[in-house]
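You will see two complexes here that share chain A, one where it goes with chain B and one where it goes with chain C.
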Partner chain A sequence: MNRRTLLAALVGIVIAPLAGAQASTSDEIAKYRAALQDGNPAELWEARGEDLWKQKRGPRAASLERCDLGSGPGVVKGAYAELPRYFADADRVMDLETRLVWCMVQLQGYTEAEAKKNPFGSGSDKRSDLEALTAYIAVESRGVKMNVPLAHSKELEAYRIGEKLFYYRGGTHDFACATCHGEDGKRIRLQELPNLMTAEGAQKAYTTWPAYRVSQGELRTFEWRLHDCFRQQRFPELVFGSDAAIALTMYLARNANGGVFDAPAIKR
Partner chain B sequence: MGEPMKIRATLTGDATEVKVLMNHEMETGQRKDAQGQTIPAWFIQTIGVTWTGKTVLSAQWGPAVAKNPFLSFKFKGGAKGDTLAVRWVDSRGDQRTDEAIIA
Partner chain C sequence: MRLCLRVLTLAALIGAGCATISSDKETGEKAASVLKSSFKPAGQAGLDRLDQDDTQRACSAALGKAVPKELAAQIEQANVATIRYPSDGQLLGDWRNGEKIAQEGRGKQFSDDPKGPVGANCYACHQLSKTELSFGTIGPSLYQYGKLRGASGEVQRYTYGKIYNSEAFAACSNMPRFGYKGILTEQQIKDVTALLLDPASPVNQ
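Showing the complex of A and B:
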């Protein structure tokens, strides 16, 4: 055995246990999630969201119970599994958060700026109504199969733009979403990243948002997930409710079609 | 006044399993805000659970308990339809009581 093969053998010995540690770490994280699932604090957001949905609020003192989320006015059950979609009244493709803002403006009489001034909450004095409402609508789709339509030309257009954005490389790091989410086995620190180019990966990722983030003590929506991915990529800020945010959501939601919706989940 | 808790109580055999999800910030007093000022401690100090007026659990908590705490325990006794009351008092003297029916 020459020196080089000896070195290779030694390196092999060092690396093998590390690979074992990697697998058991993700097993342990899975156990941690399972242990927390029982008392998921997302339920607190769901309860507050239901109150906000039913309360008469805003300048017109109206509730959101007549808000049409795609399946008819006031139909909440299964609505999240079919969003984003095209809405003829707004002549636009909308995700849930954008649709909620639209309903708050149309039904309750808020201005658009008021409705979306606090999309991501922080602590008990800056709670986000949109996060609570999203949690409530989302839980009403638990167990429903994802079925995002692509029938309208604007839906198809949004999907195509979302696809472009997913592969678009830019920013100081020359990153695209696909850089981290286009291969199996990638991770950030100890967090395994889903491969969003496979149906299984897209389903697993999309059907577990919104989620309660234990590290933040907050419930986070899918728009927040995209917003934070953009920050991590050192991209320009993704504007809440923008066409870009909706297009990317459309692309990822549609790719998750067939997966069973299972959120609000709990995440580290 | 605090935000409402979520309480589930189910009878299995001769024991009742209680699960309580509380809505509380649980500030440790160790954290600092963006201006570098210490965020004052604010956490649940005492917890009491009563079943038809009889105490089945009482506890003293400190700042090491997580935000939005989840408490799960079992006690012997209980019957379907009985009322269970959970009460917490926090370090600001704020308190909240919520009730649930054993299912």
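Showing the complex of A and C:
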């Protein structure tokens, strides 16, 4: 099914019930998602990501199969469910995307700038290797319980900074993450908002990223989610792989501990 | 104050070695410096948008909980003082324009055209009319706002003031301060006030 067809189907489902009961809209979207479970286009990104992981690439013609995502070199299964975490070799807390950049530099010989030049793809001419790799690593944690560690002092520090950032009001509109994600059962227009201050809300949200966004025809990562939230908050642009991105991811991923990872998902 | 707890056990030496426990204030300072290094200017959004005023700082520090009563009163008082009412004394504009402003979600994002429209996006968070079914629920329903309150001078002044600076009436409100922060023009605030209060507006049907 191509992107237009998918979008048309989703828009139809969203708009049709408007004339009737509004509450049924989210039920219809849930049904739509269920119907697509076996055919999530995210699979295309997962397959390309697996190829990118295994191919010999970069100036050193090396694969990423020796990349240590936290559970040991080359261990992919369950890795996403334990990220972000502290890595002694980099002396830094890293999320998956940042760790992938690290491995592309260390193993394949890319410069850091080359490795992270295209974090968010657009269309077939500007596909993002990082999105594909993230999709592949993420799907290898499907069904695994979130278990993000706070054992190292830098992990705890990132978590505490992430908490501050979650409540940080700024910009022209005084918005913080908490403005939209701090109460149960709220919506923007018809879009339901997870309450990220509760374990249940954080689990439901965090375990469904990365996701295939029907409206964009792209697989989007959690870094993208944060980047676009800050855009709507009227903040300047969040830098990919920045300390704020990692700290917020740490805060939300840790709060999702115990939830069963179920991504890449499919979203409107 | 930085507490560095050195525990000379083998386990600690293998692990983090020296656990650093920062105070809450230190964490706040670190978060502020992390913010500065983690964003870049884009479009119309410069890094100055990360600088907090006193109200933003106080509300952020509450970490989602209600601020103490006294502080809330201080915040409200400071924000009341910022409200500028129109010099012509006329608070009600055109509700038809007000409806357009209430629907418009663009404005002030780094992806928005700086010369393009700036809306209030009221429907993102509030129900306003019976005809618009796509409304959010972060704020209370404003359906029949004027019908329930009338449109006396006092109600007009409160409504205009609330849109101008919501923090003047509810400390740490989720609602933007549309006038004080220069999001909407005086005329736009008059138009949205009319949308809420004009008996002919769809809000009051």
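Keep in mind that, in the parts below, the second predicted complex is superposed on the first by the 248 of 268 C-alpha atoms of A that agree within 3 Å, B and C clash if a C-alpha of one lies under 4 Å from a C-alpha of the other, contacts with A are read in each partner's own complex, and residues count from 1 in each chain.
Assume a contact is a pair of C-beta atoms (placed from the backbone, for glycine too) under 8 Å apart; a residue touches a chain by one contact, two chains touch by 3 or more.
Values in this document were obtained by computation on a predicted structure and should not be read as measured data.
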item: Touched partner set for A:Ser153, first chain B, second chain C, both or neither; value: second
item: First (chain B), second (chain C), both or neither touched by A:Ser124; value: first
item: Partner touching more residues of chain A, whether chain B or chain C; value: C
item: Which of chain B and chain C A:Asp174 touches, first, second, both or neither; value: second
item: Touching partner for A:Arg60 - first (chain B), second (chain C), both, neither; value: neither
item: Which superposed partner A:Lys31 touches (first chain B, second chain C, both, neither); value: neither
item: Touching both chain B and chain C, residues of chain A; value: none
item: Chain A-touching residues of chain B, taken from the complex the two chains share; value: 3-4, 6, 19, 21, 23, 25, 66-68, 70, 72
item: Contact footprint of chain C on chain A as seen in their complex; value: 18, 22, 151-153, 157, 160-161, 163-165, 167-176, 178-180, 182-183, 185-191, 193, 197, 230-232, 234-239, 242-245, 247
item: Complex contacts: residues of chain C adjacent to chain A; value: 15-16, 18-20, 22, 27-28, 30-31, 34-35, 37-42, 45-47, 49-52, 55-56, 59-64, 108-111, 123-125, 133-138, 167, 174, 176-177, 181-183
item: Complex contact set, residues of chain A against chain B; value: 36, 38-39, 41, 43-44, 47-48, 123-124, 214, 217
